[in-house]
Each structure stands twice: as structure tokens, then as C-alpha cells.
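What follows is one structure encoded as C-alpha cells, with my remarks underneath.
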């Protein structure tokens, strides 16, 4: 008798536990309002990334096409993957001295791991992260970017 | 003699060898298990690893200490923040830098958030291993909330790189405390649903109770740490035994069971999520003021010697062993990764169970393959 | 004389309201039958009728398959707190059609060392088994391809044939996972066929007939699930569980068990051959659901309550086909609910469930039901 | 037992050992021939009970190859570090401790794979990550012109 009661109890408790599980899924089925799916390419316009989001490294330029990069090469040394390469040139300053300046700040997005060491260690805060996250391109060469815009100058007062 | 040889061959002929992986839905990555079966019974499991071996230990020997941080993210990508912390703590210990309380508290909160999100993903994939596909979506849905907190503060979701030797990369975001509190409130309400859906389910009980038993002796001998080891009664919580960061200031209990089967490995992790929420709640309202990073030298050079630091990741004990020769890059770095050790027990505990149990046992050990391979 | 099968007793009388006459398809089928007879000989009439029925069922089959795949994806999506297909067409309703085209255009990969004859045969066996079962299902009054007097037995027997296809598929693909899946499926179907049969037997005792149309007709005064007290309800639950197992659906989808055996017996199939297995799974689900609807929930009979005449009239006004489809989809929904909630069983637990729980319950249940019928204690 | 007592105790087991008090743990340097005996004693002695081998790392010291064992006792919570070195770079051989601590099985296979140290009496010494044609990448003299870029 004991065993029959146990047997029935086992069945009823088992079914009860299954029903509890079904309650969870069922309650979500009848509450479509809880769905959190984002329809991604359609909501591109109102998709706001967090301001600290590490999309890609950029060099902010002001409206006079000036940047803060002095070409010191600290970011190049600090990059663990060698994704930054700095090609410098020597220019003549106004008072006739020879000075090292940046020619090209080459950034290989395909090798970047977004560790933020370059942005962090830059002594003149010349680098920043943009919120751009759609990096897919058809040609791999497009992932090698030159961060300083053509014809850009070093901002006044930045050493 | 001849008869004996004959017997061996017939035994081998009866074995049915299947390759689980490198691409298989239940190995969660590129792990290959060569499983010998007799019918449905597992005779032996031989893990074959190395499919994503990147030689992180070798790479560390040629880069500087701050650069190591971003490699450790990629070992156990689910405990990325804790791995970062391990290296930072080792470097700070070697340099004997005093870390302000603010950094310690933030690190602890982030570690516990990391632990929760890791366990959520584990719960999701463990449910999927057992065939409950709905678990996967619920787990990921809730994990998303933590990842958003990470993204707001650290700038990235999974591979956070938030630590640096001497402190943190940035200060916490102004919204951080509010969001964490919101999350805790939300997750305290949601976590019982996990129990209703999976833990209380009679099918789940049948599938997990008494499966893959690991005794305390074996757990210690195999070095199984983390929730898997604690389910066997192995008190191995580094947060208790060798407190780092702010763990010495807070109250929490170590989740310990004695049974050591799949079910208790599962319950240990669910309980750890509750415990992590308790830890966060103790800290989130009293983050002390202060700097978010200590000024370090531009080139960090560790004094000559050997340094070992243990931390508790979501999967067990991570040890960072650095041998320094005084240069700016380490002479030798060894990561004692918890998953690598936990994998070694798979053959021992899966033997004699069915192939479906092997999947359940593998899921309950919570293996992250890049951490095994490094 | 395929259409000439409607029971004379239940044919409409003049006293019935007009819609009852309208909803009775037997007069329509009779009309078609007699006009065909007038046009051609007996032989060609039968051929023509077979063709018409064949085309109609094929069409219905395809539509149901497409709809069920869509429904499953939407149901599981809502249960999992997500949107599901939403790109192809409004609410993604053309998603399954797009998938069908994708599967049609996919390459049929020949498997090295596979037994190619059996490998190609297997999907056809699976799909033909499901196709044959659909013939005996009463969709509405008179809307019956064939009303066998052992209809219940026929459906159970034929739908169990699909396992041969599964076994052949698993064995012939020369894949170790497939073989394990096929063997599991064999053990599973053999044992669960017993439960399905016994739970239906419970109702057959109550109905006193194995003819599906008669079983439906006997439920005019009340569905068997209400008429048969608790035993009928238990039989319904057992039928739900065991038919879920018989169709290889979760939580009993051990033959596929994607986390253990990748895709089980159809791992090696691609393109349209895979689509056959996929379609057959959904049609099998439809068949067992419609058997459940017919046997337990009154088939195409409307829901009537005692003496609430106004309510009963409104219910009668709903076409029987809609009743039938509604009940079937209700059962299908419950089966989907099972699948998307529960974790999968292990093979030995699956058999334990059958032999230790369902079978004894069923046997006791049959006894109780027989006793009830003998005593005349049912409604 | 604290660090000093532990050091003294190990000294009492074998007086020839070179025991150094490191920054964190007691470090015991031991020749390869005596390693296994000491390991077994440390595991079994009532006073030490080092039952948890929590890290086993192979190190290339330039001239010689070595293995570092981190041992902990779950009962007393004390830690000892065993270090052993072999000068033979071509055929380095050490005794396996896999039968004392089962976790050493995988760890030793890893060391064999990456540093080429053979462990005698190991139950299943195969390469773990790499295939057999590969060199031993964690050695300092390992060259790989394609994958290792030196600035």
C-alpha cells in the first residue's frame, strides 16, 4: 500500500513540477509585450550607442582641420598587436627650426583588439573612440585607415 | 597467450568510437572528445584539445605588462574581468603598490557581475544541452542587462579590458550604481523562474541527480575548483581562503555541497548567483570616493622574482604565475586555468554513464574552450 | 464508390436548421459522385475520384506543413520572449515558403559508402506513411477520404510505419550518430505504440466502435473527454504524452537530440530529402493531434452545454471544419508547449516512463473504463 | 604551521634540500632524482598533507629546464613550492607525479607538449595541443619565422 501511495505521489508531484515549468513559458507566450528583440537594421536611425563604446580609433579634428597628434609614437609602442604605424616627416616651423611631425597615422582596424591602450596613453589626447560599429567591408584593404585627414595640421599649443 | 590477444581484439571491435567535436553542438567550442561507447554506455572519453591554441603564454613573454591584460580577456572570455584582475593583482603585488579602496570595491562589484553573467550563460547553455531550448533565450535575455552595464562603463560588452595595473581604465559611469541596482531588483524576481523552468523540473532531476558523481577525494586530487569542486565539498573558494580586492570586508558564504553530482554542480551555481547579488548589494551603495587609478610608471618593470596570484573566476581558481627577470616584459607567465584542470576529470566521472549523461556532465563542468587551450 | 460511405442514420433530415444541411458535406460528395457516374463508367469514376482526392489531400498536406512550420516558429519565439520570423512578408508569414525554396535549390549531397538505394528510399517511406494516415481522418461530416470500419486501428498502424523510414535513414547514412539515433527511435516507437493503442482502446470501449465517423457521431451529446469521467481524461493525457513521443518531438526527440547526436537519423540528409523528414514530422504531429481531437474532443462536433439552447445554437452555427481545425490546433499547441518547455529525457528514462508509468496506468484505466461502461455510469 | 615552521619541517625530512623563503611561499629546490620521493612524503606525511597540486608549470631557465610545483594542503591551508631543474636540454627527463596527484596528468602533458620535458611513469604521455611535428614553443630557443614577429 505504502509503495502504491508513493508511486502515485511521485506521479502527481512530477506532473505538478512540469506544469510549473509550463506556466513560465505559457505566461511569456501570452505576454508579447515583454519581448525585447531589437529589429536591428530597421532601428539603425534611433540606435544610440553608449558614449564610451569602443567602436574604432579615430583622431578628432577641429573645424580648421587640425588635430592634436604630435607623432611621438607612444601609441605605436603601446599597441600590443602592431595595428598602429606612424610615419613621420620633418617640417620647418615658423621660426625656422626642423621639427618632427606626423605624416600618416596608419591604423589597421582588422588587427585592433580594442584594448584602449593607445587612447589611454596618448600624452596629448589626440586619439578617441568613435561609436561606429558597422565595420564590415568587401575589400580588406579598406580596413587600413589613415587617421589624420589630408592636409591637416597640428593644433596650436599642443606639444 | 594467444587467447588473451584474441579477447582484446573482440573487445575493441565491440567498442563504438565516435568523435564528438571539434564541431558539435554540445562541446561549446572546438573541443574534440573521442568517446568509446558500448551501446549507449560511455567506456572512455579522451579529450583532444588545442584547436584554438594561440600560445598566449608565449605571447606574454614578448609584450609589456599592461599589454598582457587584453590577452587574458581572451582566455576565459566569460570571466574576462576577473582574468584581468588576476594579472593586475599580480603586478600590483610585485610592485607593492597600495590600491585605494574605491578601486577595490569597483573591481569586486565588476567581478561579481561578471560571475553572474557567466553563470547566466552557463545556465542557458546547460539547459540547451539537456534539450530545454527555451532556457537559452531566457539566460541570454537576462545576461544582456549586465552586458549593457559593462558597455556603458567599460566600452565593450564581453572583452572588457577594464583593469590596468594600478587601477581601472576609466571611472565608473554616473549611471552605474543606478543600473546595477535596477538589475539586482529585476534579477531577484527572474531567478525563481529559472528554478521553475529547470531546477524544479522532474525530468531535470532525473537527468542530473546521481549523474557524474565526483567524490571529495577525487575532486582534490584532480584539482577541481570552482562551483564544480564545491559541489563535491571541496572548500576551494579563493575569495574566502585568500581574500583579494574587497572580499575581506564583506560577508558572504561559501556554497558547499557534499554530493558532487551534476545536480549539485547546477545548484551550486544557482546559489552562487544569489550570493553574488548579496555581495553586490553590500557594496553598491558604499563605493568610497577617491581616484580610480594609481599613478604608475610609464614603463612597468617587475622586480626580479616569482609571483603567484590566485583569484576565483566563475569556473574556479585561476592562478597567474609570473617569473620576472626585471625587464619590462615577463620572463615566463603561466596561467593555471580552471577549465584546463576541470576538463581532466571528464573521463573519470563520465565513465559508465550514457552518452546523454556525458553531455549533461560536460555542461555541468561549464567548460570554456579558449581557456583550456590558451 | 469512395464517396458513398456516409452513415444513413446520421444523414440530415428536414427538421434540422438549414446550416446543418449546408455543413453536411455528404450531400455534396453524393452529388459529385452521381454526376461523375452519369458522365463515365464505374472504373473511370473511381479513377477520377481518386485523382481528385489525391490532389486535394496533397494540397492540404503542403499547406498544413507550411503553416505548422510557421506556427511552431512563432509559438516557440513567443514562448522564448522573442519575435520569431518577421522579415519575409507581414509578420514573416512567407518565411516557410522562402525556406522551402531554399531547401528545393540546395544540393543533394551524395554520401560516400552509404547504401544509396535505402538512403534515397527512407524519406519517401517516412512521408508516405504520414500521407496514408491522413486519408482516414474525418475533417467534417462527410468530408472523409475513406471511412474504414477499423479507422482507429488503421491510423495507428500506418502512422507507426514511419519508423521504418527512420531506421533505414539512420542505418543507410553510414554515420555513427545517425545509427544511434535510429536505434533509439526504434526502441521508442515500439514501446510507445502500446500506450497510444491502449489509450485509444479506452475510448473505443466507451464508443463501442472503431470507425472514426461513428466515434465522432457518438459524441453528439457530449465529448468523450467529458462523458467518460476521469478515465477518459487520464487516457487523453496519456495519449498526449505518448503521441508526442511517437512523433519524435521534444521532450522525447531522442532520435534527433541535437545536443547529443547533432541531428540524429537525418544528419546526412540535405536539400529536399531533409525537407521530407522535416515535413513528415509536422504532418505526423497534425495526424496525432487530429486523432486526439477526433477521439477525445469530439472531432467536428461543436461544443454544446446541456440545456443552454441559445449558446448551443451559436456553437452549432460555427462550421464543423472550423471546430475540427480548432481542436486539432489546440492539441498541436499543447504539444509545442511541451517541446519548448521541457528538457529532453534520456533513453532509459524514456522507456521507464513507458513501461513503469504509462503502461500500468493505461491498463488500470482500461479496466475502470470497461467497468464504467458495463455499469452504464457514463453520461 | 607557518612558513618558517614548514620550512624547518621540510628540512627535517631531507637535510640536503635547499630551502628558500620566497616573497610569498616557501620554495624548495630539489634535484630531479629526489623529487618523487619528497613529493610522496609531502603528500602522505600527517603534518603536511599537501593534497592539492594547484599549479604545475614548466620553465625554461635558459641553460636548464625546470618544473615548478605549487602545492597546497586543503587541511592546513599552507603552501609550498617545489622546484626542480634538469640541465639536459636534448632529452630532459623527470619523474611523473601523476599517481600522487591526478591533476598532474594533464599538466605534465602540457609541459611535455610545450617544453619537451619527458615524464617517466606518466600514464599517457602524448602531445596535448600541438601535433608531433611541432617543436617546443615555450623554450626560449624556439624559432618560428612566420608566426613570431620581432620588432
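Of note:
By written order: A, B, C and D. Residues from 1 in each chain.
Here is the rule we go by: a contact is a pair of C-beta atoms (placed from the backbone, for glycine too) under 8 Å apart; a residue touches a chain by one contact, two chains touch by 3 or more.
In this text the structure is predicted, and so the values were computed from the model without any measurement.
The greatest centre-to-centre gap from chain C, using C-alpha centroids, is found for D.
Chain centres here are Cα means. That of chain B falls 24 Å from that of chain D. Averaged Cα coordinates give chain C a centre that lies 65 Å from the centre of chain D.
Chain A and chain D have Cα centroids separated by 41 Å. Centre to centre, using the average C-alpha position, chain B and chain C are separated by 46 Å.
Multi-chain contact residues of chain C, defined as those touching 2 or more other chains: 79-82, 340-342.
With touch defined as above, residues shared between interfaces to two or more other chains in chain A number as follows: 18, 21, 24-25, 36.
Contact of a single residue of chain B with at least two other chains is seen at positions 134, 141, 197-198, 201, 203. In summary, the structure contains touching chain pairs A-B, A-C, B-C, B-D. Within the complex formed with chain D, the residues of chain B that make contact are 49-50, 53, 55, 57-58, 62, 218, 220-223, 225, 234-236, 241, 305-308, 310, 317, 319, 321, 323, 332, 334, 336, 340-341, 343-344, 348, 373. Chain C contributes residues 75, 78-83, 86, 337-338, 340-342, 357, 361 to its touches with chain A in the complex.
Looking at the complex, you find that chain C touches chain B at residues 76, 79-82, 176-177, 180, 250-251, 253-254, 257-260, 262, 340-349. On the side of chain D, the complex with chain B involves touching residues 22-25, 27, 51-55, 57, 59-60, 68, 70, 74, 77, 81, 101-103, 105-107, 110, 114, 128-130, 137-138, 148, 150. By the touch rule above, chain B contacts chain C in their complex via residues 16, 18, 24-26, 40, 127-134, 136-138, 141, 197-198, 201, 203-204, 206-207, 354-357, 359.
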